[in-house]
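Next come two complexes built around chain A: one with chain B, the other with chain C.
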Partner chain A sequence: MAKVELVHVCKSYNGKEDVIQDLSVSIEPGEFFVLVGPSGCGKSTILRMIAGLEAITSGELLIGGIKVNGMPPSERNLSMVFQNYALYPHLTVEQNITFGLHTKKISKQEQKKRCLEAAEMLGLTDFLKLKPRQLSGGQRQRVALARAIVTHAPICLMDEPLSNLDAKLRSKMRSEIRQLQRRLGITMIYVTHDQVEAMTMADRMMVLNEGRPQQIGAPLEIYNHPSNIFVASFIGAPPMNLAKAKVLESSLLFNSERVMRLHHHLPSSQQQVIVGVRPEHIRLADTGDEYFIAEVVNVEVLGTETLITFELTKTEHWIARWSGQWNVHVGEQVPLFIDETAFIFFHEDGQRLNHPVSSYVASGEERK
Partner chain B sequence: MNVLRTFLLYALLITCSVVMLFPIVYAFLISFMSGAEVLQGHIWPQEFTTANYVAAFRKVPLLEYLLNSFIVSFLVMLGQLIVSSLAAFAFVFLNFKGRDVLFFLCIATMLIPWEATMIPNFLTVQKLGWLNSYLGLTVPFFALAFGIFLLRQHFKTIPLELYEAAQVSGVSHFRFFWNIVLPLSKTSLITLGIYSFLTTWNMYLWPLLVTNNDRVRTVQIGLKQMQTQEISTEWGVVMAAVIVVILPTLLLLFVGQKHLQKGLMQGAIK
Partner chain C sequence: MNTPLPVQPPASVQIRRKRTMRTTLEGITYLLPSLILFSIFLFYPMLRTMYLSVYLTDYQGNPVQFVGIENFVYLLKDVNFLQSVKATLLFVCYTVPTSVFLALCLALMANEKLKGIGLFRTCFSSTMGMSVAASSVIWMFMYNPSIGVINKVLSLFGISDVQWLLDPKIALVSVAISTIWMNTGFTFLILLGGLQNIDPSLYESARIAGVSYLYQLRKVTLPLLSPTLFFVTTVSLIHSFQTFGQIDILTKGGPMDATNVIVYSIYKDAFINYNFGSASAQAVILFFAILVVTFLQFKFGERKVHYQ
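Right, the complex of A and B next:
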C-alpha cells in the first residue's frame, strides 16, 4: 500500500508556459483515482510524471511518504498500462507478461507461477503461447493488464487503456478493471477523457482543464455540485444546460425573452449570472405547476429515455431528459417545469456562486 | 493504347537488362573459351573448356584470397552492424544534450568522399602498425554513417511506449536493445549486413594500399594481379577468376533480395 502525493507540482516543457500549474493532490492507498479532462489538458503528463517518464519542473512528488522526484521509473515500484498496450510484438503472451520480472530478482518458478495466476485471473490461460498479433483487441488489453499485475506493484497507472476498444467491450473491461482493482487492493491512477469511465469507475476523480485542476471529489459530488461551468458541462451526458441570465428581483430573465419566476433560491438582484440545470431536472409540467411553454426543436428517443431539445430563447437550446419513450413532435409547444432547487448559479466568470441555501438543500436531498 | 504502352515498357526493360547483363554473361562465356577464340572476338565458345578455371587457381592463390575476402567482409559486416545499431539506439532512445546536432554531424560525414580521408586513414593505420593485417583492412570501416542512418530510421518506427514500458519494469538499456530492438529490426539489419558485406567484398583501393604481400590480400587485388602478371593478359583465365569471385556475391544477393527490397522500402511509405 502506498500513498501518492503531489505537492505544488508544475510542469513546463519550454521553461515559459506551464503545462501543469500548481497541482496538489493526495491519492490514498487502495483508491481508484481518475484523472479526467478533454484531450490536451495535461492528464497524461501528470500520469507520466508519477511514473517517472517525465521530469517534474517544480514541486514534490511523494510515494509512500518518500520524495521520488529524481528516482527512475523502475525504483518507484509501480506498474503502468499504456494506451496502445505497448506489447512486444515478437514475444509470446507469456514472455510479454514475464518480461522484466527478472529485474525484481524473482526466480523462474515464481515468475511462471505469477504468470499463470495473472493469466487465469484475466482468462488468458489458453493464449499464453500466442503472439500479440494473433489476439483480438480485448485480449491484448488483458495481456497489458496481466503484465501490470504480475509485478505485484502496489500502484498501477493506466493511460486511457480502453480508448482503442469498441463500446461494448469497453463497458465490459470497465467493470473488469474495477473488480480487479478491488480484489488486489492496489492504488489505481487512471487517465481518461471519457467522463462515463470516470463516473463509473472512480472512488474519487479530478477534473482537469488546460493544466489546472478544476475539481477533486467523488463522482456524484462532482456531478451534483460542479464547482464551475467547465465541470458542469464536461461531466454528464448530455451536459448540464447553461444559459446567461439576469436576476431581476425574484425572476430570471433570459436574453430579455423569457422570464422564470423563482421564490427562494436566488442570487442577489441585478446580477448577471449563468444558470445551470441538469437535463433530468426539466420535466413535463403537471397541473398546478408554474410552467413555461417552449417549442421542441429536436427529439431523440433512446428507448429507456427521451432527449428533447427545446428553444429556451431564440439563440439558446436546452435539452430535457425524460425517462421512458415519449411521443413528442418537433415544432410542438410543450409546458415544462423546473424545480427551483435544481438551479445552479455560476458567476459570469464561470465560478460557482456560493449559495448557501441551495447547497444546503442539495446536500439535504442527498441524505434522503 | 494500353497494349502499346505495355509493349514499349517491356521493350525498354528488356533492352536495359540486356545492356546490364551483357558484360556478366560475356565474361561467363569467355571463361570457357581458349585464348585464341577470345582474340577472334567470338561471342559463343566453340567448345566449352574448363582449363581456364584450373589455370586461375594455379596462377594466383585464389583460394587464399577468397578466404581473406570472406574474413574481411564478414568482420566489416559484423563491426558495422554492432557499431551502427548501438549508435542508432543511442540516437533514438537515449535523451542527451546535443543528440540531434551529433546525429546531423554524423550524417554530414556522408558528404565527404571516402577518397579524401584515405591518406589520413592510411597514416593512422600505418602508425598503429596495422599494415598487412586484418585489423587494417576492417577497423576503418566499422563506423558507417549510412548504416546509422538506416537503422535509426527503423528504430524510430518502434513505438516509444515499448521503451517506456521497459523502463517502468526496470529492464536495462542493453537488455531492451538486445531482446526487443534487435529482433524487431531484423529486416533492416539483414539489409545493412548484405550491403556492407558486398561493399567490402568489392573493395579494391584500400586493400591495395594497406597490403603488400599475399598473406591478407583480398580477391579483388588477386584479379588485378592476374591481368598484369604477364605481358599479354590471358582473358579467359581472368574471366574464370572473375566468375568465381562474383559467385558468392550473386548467391548472397539472391538469398537476401527479399530482405533487401523490404529493408530499402521501409520508411519510404508510412
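Right, the complex of A and C next:
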C-alpha cells in the first residue's frame, strides 16, 4: 500500500495553456479514489502523469512519500488498466497476463502460480490458451484486470475501464472491481466520466472541470453539499434543479413570475442568487403544506420512480422525482411542496453560499 | 428438424438463375476494363512467351520450327545461363535481406517521437520518388574510378582505385548497393506505416511493465509488424528477381557476365541476338522460379505472421 500525493501539479502540452491547473490532492493507502469529470477535462492526463507516461510540467508527485517526478513508469511500482485494455493480440491470455513479470525477477513457477491465481479470481481459467480476439469484451476486460493483479503492485490505475462494455456487464464489473480492490487492499485511482460509477465505487472522489479540481470528498458529501453549480449539475441523475432567483425579504422571486416564501433559510447578504433543489426533494403537497401550483410538461414513469418535469417559470423547467408509479398527465396542474431545508444557494458566479444552518441540513439529509 | 427441404417450384429456380446471371454479368462488366488491360499487356504476352519458348524463331520473332523442350534442355547445359542464374540468386541474396533490414532500422528510428523527425522521414523515403534511370546515373558518377566521390573519400583512407563497376568481383555488389539504396525508400515507407499502425497503448503498457527495448522489439513490435514485413519481403523479392534498369545503365551485364542477371540475359538474347525462342524459355524459367519462391515464402514464412 502506498500513498499518492500531488502537490500543486500543473500540466501543459504545448507550453502555453495549462491542461491541468494547480492540482493538490492526497490519496490515502488502500483508498478507492475516483477522478470524475466531463470529456476533455484532463482525467486521463492526471492518471498518465501519475503513471509516468506523461511528464509533469510543474509541481510534485509523491508516491509513498518519495518524489517520483522523473522516475520511469516501471519503477513506480504500479499497474495500469487501459481503456482499450491494451492486450497484445499475438499473445495468449496467459502470456498477456504474465507479460513483463520477468523484469521483476519473478521465477517461472511463481509467474505461473500468480497467473493461475488471478485467472481463478476472475474466472479466466478456461481461456488461458486463447488469443484476446477469441474473447468477449467482458473477458478481455478481465484479462486486463488480471494483468494488473499479477504484478502485486500496491497502486492500480484505471482509465475508463468499463466504457466499452454494455450497461449490464458494466454494473457487474463495477462491483467486481470494487470487491477485488477491497480484497487485495490496493490503492485504486480510477478515472471515469460516468457519475454513477463514481458515486457507487468511490471511497472519495474528485470532480474535475476544465483541468481544475472542483471538489474532493466522499460521494454522499459531494452529492449533498456540492461546492458549486458545476458539481451540483454534474453529480446526480437527473441533475440538481437550478434557477436564478431574486431574494426579496423572506421570499424568492423567480424570473418575476413565481414567488416562494421561505421562513428561515434565506441567504442574508445576497440580492441575486442561484437556487438549487434536488429532484427528490420536490414532492406532492400534503394538506397543510405551503404549496405552489405548477403545470406538468413531461412525465417519465420508470417503474420504481416517476420523473415529472414541470414549469417553474415560462422559460425554466424543473424535474421532480417521486418514488413509485404515479398517474400524472401532461398539462395537469399539480400542487408541489419543497422543504425549506432542501434549498441550496449559490452565488451568481456559481460558488456555494454559506448556508446559515448547513449543519442542520447535513444531518437532516444524511438520515435518509 | 431433419425434414427435407421442400422442392423449389421450377419457376422460382428460373428466376433465381436469371438473377444470378444478372449479378454475374454486372460483376464482369465492372471487371472488364482491368480484364482488358491485363489481357493485352499481361496475359497475352505471357501465353505468347510460353508458346515461343517451345519454338525456334527467326529474326522477326516468328516461330519457325517446333522443338519441344529443347530450348530448356539447351539452357540448362549452357554455362552462360547458369552464370546468369548464379548472378541472379546472389543479387537477390545481397539486396532483399539488406534492404529490408536497413529499412526496418530506419523505420524504427523514424518512428520515435522527436522534434524534426518529419525531416528524417522525408529524407529516408525520398529515394522512392526517384526513377531507376536517374538514380542509376547518379550512382554511375559516384562509382566512377577517377571522378567518383566514393573513390575520393576512400583515397583519404589510403585505399585507391577501386574499379567498382569494372572489377568482375565487385561489380555485382556495386549494383546491389545502388539497388538497396533505391529500394529503401519504398520499403521504409511501408514499414513506417506498419509501425505507426501499432496501438501506442501497447507500448505504454510495456513501459509500465518495465521490459527492455530489445525485449519489446522482439515480443511486441516485430510480431505486430510481421504482416507488413512479410508483404515487404515478398514484394522486394519479386522486384529483385526482375531487376533490369540499373544493370542496363551501370554495367550492361558485364564485366565478364558478372552482373548478367536473368532478366538482362533475356533482354540480350531477345533484342540483341534475336534469339526469341531461347529468351522466351528463360522468361518461362524465371516466371516459375519466382512463382516457386513466392509460394514457398507463403507456405513457410506466413506461419510466423500474426494477423490481427
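The rule we apply is simple: the second predicted complex is superposed on the first by the 358 of 368 C-alpha atoms of A that agree within 3 Å, B and C clash if a C-alpha of one lies under 4 Å from a C-alpha of the other, contacts with A are read in each partner's own complex, and residues count from 1 in each chain.
Following the convention adopted for this analysis, contacts are C-beta pairs under 8 Å (C-beta built on N, C-alpha and C of every residue); 3 or more make two chains touch, one makes a residue touch a chain.
Everything numeric here is computed off the predicted structure, so don't read it as measured data.
Superposition of the two complexes onto chain A shows a clash between chain B and chain C. When the two complexes are overlaid on their common chain A, residue A:133 makes contact with chain C while staying clear of chain B. When the shared chain is aligned, chain B and chain C each come close enough to touch A:51. In the superposition on chain A, contact is made by A:82 with both chain B and chain C. Applying the stated contact rule after C-alpha superposition, one finds that A:314 touches neither chain B nor chain C. When both complexes are overlaid on chain A, the residue A:105 reaches neither chain B nor chain C. Taken together, the two complexes place residues 51-53, 72-75, 78-80, 82-84, 86, 88-90, 99-101, 103-104, 151 of chain A in contact with chain B and also with chain C. Of all residues in chain B, only 159, 161-162, 164-172, 179-180, 183-184 touch chain A in the complex they form.
Residues 51-53, 72-75, 78-80, 82-84, 86, 88-91, 99-104, 133, 151 of chain A are the ones touching chain C in the complex. Partner chain B is touched in their complex by these residues of chain A: 51-53, 72-75, 78-80, 82-84, 86, 88-90, 99-101, 103-104, 147, 151.
The touching residues of chain C, counted against chain A in their complex, run 199, 201-202, 204-212, 219-220, 223-224, 306, 308.
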